[in-house]
């Protein structure tokens, strides 16, 4: 048990972080609430109380429901791809083969790439319908009409880029977890004659549930706010998400009031997700 | 807790001192766009600083969209980060009219500026930004492909012939697309082109009472024509192509013709960058026999924001950068082809400059665009490829998204127009134009 | 490995694993190839990447055109200083939560009651502001006062909670969409920003931390603070409490406990936390793109500005991309084991 002295010092040690985060979390929020009720376009002098109109216009924006759907679809599909794919890769990497260290390094590299760079690379060098590598491969196999990735399947294209960035993370976390699996347990179950499927189902999967929770939590935090990938590939009108919609209200329409209202809606939605997620994590990690 | 409070206060005090230190010297901060002419000017600032000792120049060079967003925010919040700003024909009348810019008082022979530029950069009868370079749009085409097709390109073609020619030139198996046009969403990207194009089809953005006009047949004709033509003869992935993407396509020989900014002529005809440099020819943007052509009008211009504390030095700089002296300086050092085009009548009267190819086509294109009367039917706004109201950028960005999706075949033309109509009506109501 | 695996299986696994590894790495490799080609060759890369000549010229052009060194200096300053600053906040906090946890909330209200209190305060303050005409642009002191009144119940809520709730709350702040906070932060950073303008008795008109390290470093620190507190916390949790308790029994002072016992055991955790923070700060793109132009603009800004009105320049863009990602990627390669260990956030014992 901690001593009361340690307790007292502990409170002081925690205070700076709590204070900083309180300011960080609530001051912008309060200012955003103020602006959400204001008619305020940066380029116009017509400013004043606007009631709930900003919220009304944001929700009735032709893109609102579409972008809401895209936000959810992006998060869920990237989570699914990275976790299923990551588990598969982790099992593969857990097998003995030559050059494991180098393959690990190759695999994790996408995680270090800044989103602006990875979007530019995928857009121009790989997915471009005229100069891109994928188009060249299609033409090599005799296709006369190549796939225009960002024109015909914009959301899928974004999902592929984002998954590429996050797959290494999931795979390596799950690999670390697998490697911590008790060797004796492995041996014992093999001796019992358990097949690989039931071994996976009853031994591996339960062991992975905690790391998978962590992967879901960390990825969700970043996936909800995907921005650069959409901005740089300029698919905002096709497959924008809420973050993009709010940012475009601000940057293109220069409408502070509506951007603030949209930001608040995004905050509420994110909090719903976070309450849900944080509960699970709290349970699963037993903090 | 006390320590933290002291710390925070200390940090703020330091930050403020840092701010004060910056404010004390006589450095002008100039926000500018990263194009060739502006970058070139940064090389010749010695000429200005030796003539004006005590003034130092500090350049903040940004990409076009980024520049617009950052300058807009700074001007609106009177942030005072910049002493000289580079703006276009869209912003100048809006900000000038609402008192966010200072009147220019150190210009070199302002009567010499082209009327098209002055009209586009003025509000309330005053010029608010000095044009640094001006541009319009025109057809740039491949002589060899036109010859091969057996058809002809007129100097001032119409849309029907242009489309037929594009179709004839298209040879997708050989990777040749008859026509490359902007399709990437954005008010300065596809909407600049489409709005200018719609002028030739008799369309307009708003009627005299600010009601959006996307439900009218003129817009439907424009958009349908554009999409059909692009499906016939355009490149794959056209909905993602903006200016630079099309430039790359043109330079690598993938396009038969391209309708875009007149400044692009110098890039496609540069043998170092372009594989088709020796095969280029130029024509006016097409019309439809209704009296208006599909070319736009744009100028990058220098202005002094009202928030600056160094107005006098800033005025001097704007005067220098847009002067005849600067033009002569660049001509002496880098040749006449590299002087900023499209701003002064005296430049086009200069026989040396007349030798530059596409100089005349640039002037003709600019003269054929009238920002005060851009459309066939009367409109309450000025601007050829935009409407000079603060809300336009936001509305046109969304509409541009819709039209880009229509081009990609994600939604139908009718749906795109209907959504565009609904959205712009709502926005114009919100902004208080529609009572 | 107790189970014998035949050589044939090992060969099969080797081939599959290498194929997947190379496929994952391929986009980066392809960019690197394009970076060493001339501009016109880069456009036809898929057809002729083996036959065209290699060149180094792109890297020199990128430096000459865009002053790469300025941006990498800014990136390094922001990433390192914000990491160190973050540790100054996070290490005590993580220590406190791991070894001196608060088990009971000091104010025992339900979540609903807190929510009602906070929203109620905001509502009352809002009514007051509405009565004043909802115009703060010229009344900074009233705005500031309103802000303080709204913050008080929120701060009470935050400070009164027990450790496990605090930890989860910290994480949830990381879920805030940055778009919602952008305008307020912009206005706070800006000279004459509407929020802190014209106090009557003090002239703040020269105060400006836009596009400076004074703004970007604290901002980056705050952005990553929840993650690094959590990561450190999970590391500290793994240190057996018995050792500390034994030391306390022996009468070791808190200072001795911290320096002699805890620090040596915590070093690996702190190092991998540093690495993660460096990577996150290096690659951050939302705030840097919106708040910097030059003086504090990092590499993510440099890349996003690398489109040009004179064309696309894919070879140079590739070269610039490689220059922007190479330093952090190499750091990542050498530290990936520690990093991955930390990124499990204690989920793997």
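Going by the order they are written in, the chains are A, B and C; count residues from 1 in each one.
We adopt the following convention: contacts are C-beta pairs under 8 Å (C-beta built on N, C-alpha and C of every residue); 3 or more make two chains touch, one makes a residue touch a chain.
A quick note: this is a predicted structure, and the numbers were derived from the prediction, not measured.
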(message) Going by the touch rule set out above, what shape does the chain contact graph take here: line, ring, star, complete or other?
(response) complete
(message) Count the C-beta contact pairs for B-C and for A-B, then tell me which is higher.
(response) A-B
(message) Suppose each chain is reduced to the average of its Cα coordinates; what separation in Å results between chain A and chain C?
(response) 14
(request) State, to the nearest whole Å, the distance from the C-alpha centre of chain A to the C-alpha centre of chain B. (result) 36
(request) Could you check chain C for residues that touch two or more other chains and list them? (result) 43-44, 187, 289, 304, 312, 314
(message) Please output the residue numbers of chain B that touch at least 2 other chains, ranges allowed.
(response) 73, 77, 248, 252
(message) Please output the residue numbers of chain A that touch at least 2 other chains, ranges allowed.
(response) 15-16, 19, 131, 135
(request) Sort out for me which residues of chain C touch chain A in the complex. (result) 1-3, 5, 9-10, 13-14, 16-18, 20-22, 24-25, 27-28, 30-31, 34, 43-47, 89-90, 92-93, 95-97, 99-102, 122, 126, 129-130, 133-137, 143, 146-147, 150-151, 154-155, 158-159, 164, 166-168, 170-185, 187-188, 195, 222, 225-226, 229, 245, 248, 254, 279, 282-283, 285-286, 289, 299-300, 303-304, 312, 314, 317-318, 321, 324-325, 328-329, 332-333, 336, 340-341, 343-349
(message) Going by the contact rule set out above, which residues of chain B touch chain A in the complex?
(response) 1, 4, 69, 72-73, 76-77, 94-95, 98, 172-173, 175, 184-187, 235-240, 242, 248-249, 252, 254, 390-391, 393-395, 397-398, 400-402, 404-405, 407-410, 419, 422-423, 426-427, 430-432
(request) Using the touch definition up top, name the residues of chain C that touch chain B in the complex. (result) 39-40, 43-44, 186-187, 190-194, 204, 206-212, 214-215, 218, 289, 293-294, 304-305, 307-312, 314
(request) Using the touch rule from the top, collect the residues of chain A that touch chain B in their complex. (result) 12, 15-16, 19, 41-46, 53, 57, 60-63, 123, 128-131, 135, 144-146, 148-152, 233-238, 248-249, 251-255
(request) Flag every residue of chain B that touches chain C in the complex, lowest number first. (result) 11, 14-16, 18-20, 22-23, 31, 33-36, 60, 62-64, 66, 70, 73-74, 77-81, 243-245, 247-248, 251-252, 263, 267, 273, 275, 307
